[in-house]
Amino acid sequence: MTQLPIIEMRGITKSFPGVKALCGVSFAAYPGEVHALAGENGAGKSTLMKVLSGVYLPNDGAIVVAGKERHFKHPLDAIEAGISVIYQEFSLLPERTVAENIFLGREPTRCGIVDRRAMETEARRVVALFGEAQHIEPDALVADLDVASQQLVEIAKAVSLDAKVIVMDEPTAALNETECEALFALVEMLKKRGTAIVYITHRMREITKLADRVTVLKDGWTAASYDHVPTPDTIVHAMVGRDIGDYYAEPATAQEIGALVLSVRNAGNDQLKNISFDIKAGEIVGFAGLQGAGRVALARALFGAAPFTKGEVTLAGQSARFQSPREAIRAGVGLLPGDRKGEALVLMQSVSDNGMLTARALSNLAGHDKATRFASTTSMDALLRQVDVRAGNFSQEIKSLSGGNQQKTIVARWLSLDPKLLIFIEPTRGIDVNAKAGIYHLMRELARKGAAIMMVSSDLPEVLGTADRVLVMRLGELAGEFARGATEAQIMLAATGEKVGAA
Amino acid sequence: MRRLITATLAAALLASTAQAQQLNFDDPVEFDKQRQQLTAKANGPEGEPWVQYYGDAIVDTAKFKKDGPYTVCFSNAGVNNAWRVTGWTNMQAEVKLHPEIKELIHVDAEGSDDKQIADIDDLLNGGKCSVLIVSPNTTAALTPAVEKACGVLPVIVFDRGVNTKCPVTFIHPVGGYGFGIQAGEFVAANAPAGANVLLLRIIPGVDVLETRASAAKRIFKEKGLNVIGEEFTEGDNAKTKSIVEDYLAKGSLDAIWMDAGATAVAALEAFEDAGKPLPIITGEDQQDFLQKWKAEGFKAIAPTYPTYQWRTPIIAAVKVLRGDPVPGPEWVMPQPAITAENLDQYVNDKMPPLHHAMCGCEKLPDYPAAWGGK
Amino acid sequence: MTQPASMRNIAPARRRLQQINPVYFVLAVLIVAIAVSNPSFVEPTGYMNFLKRAAPLAILAAGQIYVIVSGGFDLSVGSLITLTVVGSSMLLNNNADATWWVILVMYVIGALVGLINGLVVSYLRVPSLIATLGMMITLNGVAFMWSSGSPRGYLPETFRYFGRVNIQGVPLIQFLPVALIALVMVGATFYWLMHRTNFGRMLHAIGDNPRAAKMSGVPVERVRVLAFMVSAFSAVTAGILLGGFAGVSTDVGIGYELQAITATVIGGAQLLGGRGSVPASIAGALTLTAIFTLLNFVGLPKPTRDVVQGVILIAAVVLATYRRNRTGT
Amino acid sequence: MSSFARYRAAWRLERYAPALLLGIALLIYIAMALGLGQTRFLTPEAAVSILNRSIALGMTAVGQTFAILVGSIDLSVAHLISASAVVSSAIMDGNPAMMLPAAFAALALGAVVGTLNGLLITKLEVNPLIATLGMSLVIQGCLASFYGSFKGSVPDEFQIFAYGNLLGLPISLLVLVMLTLLAWLVLRFTRFGSNVYSVGGNRDTARAAGIKTARIVIASHVICSLYAALAGLYLASRLKSGSPWIGAEGAYDLESIAVVVIGGTILSGGKGGIWGTVAGVIIFSLIDSIFNLAGVDAFAKQVMRGIIIVAAVAFYAVRSKRMAA
């Protein structure tokens, strides 16, 4: 290519208290090209894009747009420079309509009056680009849409901006096959118009299919950068930095699998139907499926956060249809939520307090906080050290710890209670590679000690590498069961109910 | 920068208009008039000050003559303090003495001018009222509403006035200067020249309280007393006590002058708790103060703003509706002070602490139960 | 490993100094200023009167901080104070023998008020600002209804003992106000409950992140209800002290809710929950009282006091935000 | 979930809840009037008089809606109302020629206060409750030290604002209707209005979409303060002069907040609207009228009011999945 890049990021460095998220990363996007940005969770992809979109100010480095150095102090600067980002975590306002969300902050006006008709016409036009199957009324409230439709609104927002650069952060995570194809067609169309697309994914198939260049990030560094599309193996190697083999822990041996711990029969609620499965002590059971397939709903139902309304559940022989997390915890169930900041951490409190939280919650309210029935601060310190939480001291606020150390603290929280069943949801989301391996080994260690482990993850290689058995969910039901050694293709097939050529 | 300039301008505006506007609460003519009234002989039956009046201005009310039974409407500023509670009880009891009154419709403005204006509007729209009694929340604010009512039916105003002569009569005791004079002269007569006097006030800006203070200050100045402070208590016991404690910590206090006596006992307790002898003090006719006065025997006077004035509007209303003449357009009634000599007449330990003794209610129906007494 | 280099190099002593809540320094400076402007303050009558006067607000702040840490507000405390004083006077009617059971009844009423506040916030999901605003209006009405507008009984000396009496003949300090003993006892109990028990930790957790607390097994509703009950308990206590200090009146409690919240904010509490300390809130209350006392001694009129209170309130929050941003926590 | 359903705007109870509450209040009122045989309380004149009760509260609440929608709150309106009333009446001082300058000064004061509130909240990151509470104390203090009592007086020409009639309707009511319509137009039809909802809904999302969130918050506070200043002008006209306690006396700070949330605008922002607030104001007036009709005394009225505020908000809140604190 002889063309000039539309945008170029040079030597971007960004650090947060306690974490260095990006270290001298460079990146460029050319018109009419798809530049794939690959990397593990926590490699810095999202942070890089937030710098590009003006959400974060970089500590060092430069952004050059059309040959001119720019400093984005506010997202508006980036938008004006023609950069549009579709974030992984949705940035939609649930209480507003589809059209209002698409035109958030840039509503068309006529004589100062918002031109609702123009808004709805344009929204209709953009949504129509996705094909006949995807029909969303512009005046529907976003809160009334399902996850996939919301994703579509996100994309529509960027498309309607007519941006020079569109960043898509794992856009297919919630889409089914047909929707994916429509998206790919859309990407091709945008390419033809001369838009530069930054496509963040860790799905090799999408890279192979769409990308013109590939950059791989790892732990905040540029691990590799290619002006062509290399083989998936090369990319994976650059992403992971070592062989998959020793990355995951050893599977369970036949002897290690013990008595039945959890048994679910014909259970269901408004999101789940007819669920039946078992988990034995010492076993890690992975749950795969598309976003919205009911895996998280199942975990929350077991944990009593969104209880089952029918069916039977037993835990170690006892009836176990819990109505609240507290009830579940008392009976020996633990859960590590996927939304760590939202559902697990109390950010202003210390590492130690976060570890002690559940032990204290189950103890006498008037009891001494340093020595509860389940753990004392001393035993918690030992646990935290055992799971290898790295902090200056355990009385510092947990806010300043990295994602991996935060997650390990939550593991220690549950360890102190010796749970019979431990549910991990997206256990390695936003965690760096080394910490990931640590979490995998911790899970295995727990299983060896006799816990039954349920793991819900959208990271298919992770599920395949960690679980002893994989259950696949689709549309709120169990759609298949696979022993260790299944391929991604088999699982995707079960998850989508369609023929898939997964990487 | 532009914002800064705007802000400065606004502040300057505030300050300059403030300078230009100082209402006059120190009127020597009114001062002398009220001083005379305090010692003048009132017309009307002895021992019933609620029907007594000064002067001989009488208004003819024949044009309001109407057959009974009557519906009396009363727009009340509020019953938000003990004085008004005693008064309101008086008024209700007075109504029971008049069988020709079929109904007393009472609307409570809860201390809000805005609401009282709306209330009067409602009463007029209701069309049931034979006569309207108004106890205005503030003088200026209620004037337009009262003017409007005058066009429709006879209006009687009492307690605070309005800036219009349209009501049939405006019933009130001698006034703020009179109160200030009684209290001020007592302190001046009993304290040695140069004595330290602390003025305890409720809040600034209320006309009747301002005139009390200006009268007292005029007297203190004449006598050469040393006013060492003028503090606002917001009628709060705790604040009053704290303020007095602070003054006692700083130096000696010989006398306390109060523009309203509600917190007099708290002021005295500050002396007690500090182990200091009780000062010369001016209070009001609240029972707790009178009882303490009787028990401790300190030098005190209790000028009153008598709650018996709440009986008068009902009496006047009935007269007006019958077409009988009433004192007016101002009905100024006596404003006695309680002194050591007549204290025993008013002390009554069967009555609740915040009961106002100058209520003229002892012979009214349901006394003392309705007033909370035993 | 995650500590920035600059933090490591600070001498331990200085670091500890930085960790001390600035409210204590501010309070110390104010006390010195008062003592300078009015030398008699250093005598027992001076500072004991000060503490006695500050005790109700300090107790109230120590209770309010429970609700603040749990992520809410309690605006109903002022009215509850009024209700306590008015209700006690109605029930007691100068009958000294009834003191103890009347106090008990008042605490039961307080517990009920806290319980209702907590239940409304927890189960009806009404924001505490609105729930306790409604309670404030309601209780005020109840107090007036009960007394038909003006309280009809005296408070006997046995009741007023707690707020008024100084125990004489105490060595060193000559005398000791009972209110101060009450403050120390309540302060110590509240300190223990907030900073030494599981309850206190749960309180921080639900204010910090209620969803995470729920998912971690914290009985969120129960803890929240208890927080409102503690606050109501402190309001009844403050009411007993204020009634004792100054006797019967109908508007004792007015404005105390905002003063209590102000005190906790000056004490560095995080509004909307997760951070706050009982001793610092008490210090905040003392600071507020000290400011008023100082302005009084200096002879500034009330309007100026309002302005100063407003400015200090905003400044305290700005300072706390600035400190937090700077230390990166 | 694997294919896109055809989504249309769904019918939602919340949207009609304020109207429902208003309907209930209206029914009670009518039932009481009929029951007591007081049918003259059901005439158009009576309706106008009910609405006329709450002009000042209405103006303040419409402004407060902006502050709450944007995710903030304003406790300084009560004292700002007093300040506006006093300053304008002091400047007019009975002189009709000074009417415009006085109104301008009051509005300028409102703009300054609103800007300061907004700056404190956005630039110094002070919690809006504390920022506006502090501001409220400062205004109160300034007011009391400059003006002790009623100041100035309003010329008769200016009193037309509060007492005049046009086409058989009170001018003040017409002004309130116009101000309400204006607020509705701004919120519904301008980009700024959309931005208010966006910033209130989620400040980070709004920022990421390129909205200058600080400006929106400041502007919302300026609007809130301007409406309060207008309420002050109205009260000056109604009371013939400005009193420094008129705002606090009417408890316009807490009442306006109560009215807004009764109207279904959620305290955390981003959801609700002007018509809900209007419903809330009318509900409050109706409650007043119902109590007056029934002859309930002021104290019992207070008790009921407190309960009604909580019950109305619970009516909305109990269905939402949000955890309250």
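The first chain written gets the first letter, and so on, giving A, B, C and D; residue counts start at 1 in each chain.
As a working rule, a residue touches a chain if its C-beta (ideal position, glycine included) is under 8 Å from a C-beta of that chain, and two chains touch if they have at least 3 such contacts.
Which protein is which chain? UniProt says A = Sugar ABC transporter ATP-binding protein; B = Substrate-binding domain-containing protein; D = ABC transporter permease.
Nothing here was measured: the structure is a model prediction, and the numbers come from that model.
Separation of chain A from chain B in touch steps, taking the shortest path, is 2. Of all chains, the one whose mean C-alpha position sits at the greatest distance from that of chain D (ABC transporter permease) is A. In terms of their C-alpha centroids, the spacing between chain A and chain D (ABC transporter permease) amounts to 43 Å. Per-chain Cα centroids separate chain B from chain D (ABC transporter permease) by 34 Å. Averaging C-alpha coordinates per chain places the centre of chain C 31 Å away from that of chain D (ABC transporter permease).
Chain contacts: chain B has residues 79 touching two or more partner chains. Multi-chain contact residues of chain C, defined as those touching 2 or more other chains: 148-149, 211, 214, 301-302.
Annotation for chain D (ABC transporter permease): residues touching 2 or more other chains are 142, 144, 297-298. Taken as a contact graph, with one node per protein chain and an edge wherever two chains touch, the assembly fits none of the named shapes, being neither a line, a ring, a star nor a complete graph.
Applying the touch definition to all chain combinations yields A-C, A-D, B-C, B-D, C-D. The touching residues of chain A, when paired with chain C in their complex, are 17-19, 303, 305, 325-326, 329-330, 335, 337, 342-349, 353, 356-358, 360-370, 372, 390-392, 396-397, 399-402, 405, 413. Touching chain B in their complex are the following residues of chain D (ABC transporter permease): 38, 40-41, 45-46, 49, 52-53, 56, 83, 87, 90-91, 93, 105, 108-109, 111-112, 115-116, 142, 144, 146-153, 159, 163, 235, 238-241, 243-244, 246, 249-250, 288-289, 292, 295, 297-298.
Every residue of chain D (ABC transporter permease) that touches chain C in the complex is listed here, in rising order: 120, 124-127, 129-131, 133-138, 140-145, 254, 257-258, 261, 267-268, 297-310, 313-314, 317-318, 320, 322-325.
The touching residues of chain C, when paired with chain B in their complex, are 38, 40-41, 45-46, 49, 53, 56, 89, 148-154, 164, 166, 242, 245-252, 254, 293, 296-297, 301-302. Of all residues in chain B, only 79-82, 84-86, 88, 232, 235-238, 240-243, 245-246, 249-250, 262-263, 265-266, 269, 273-274, 288, 352-355, 372 touch chain C in the complex they form.
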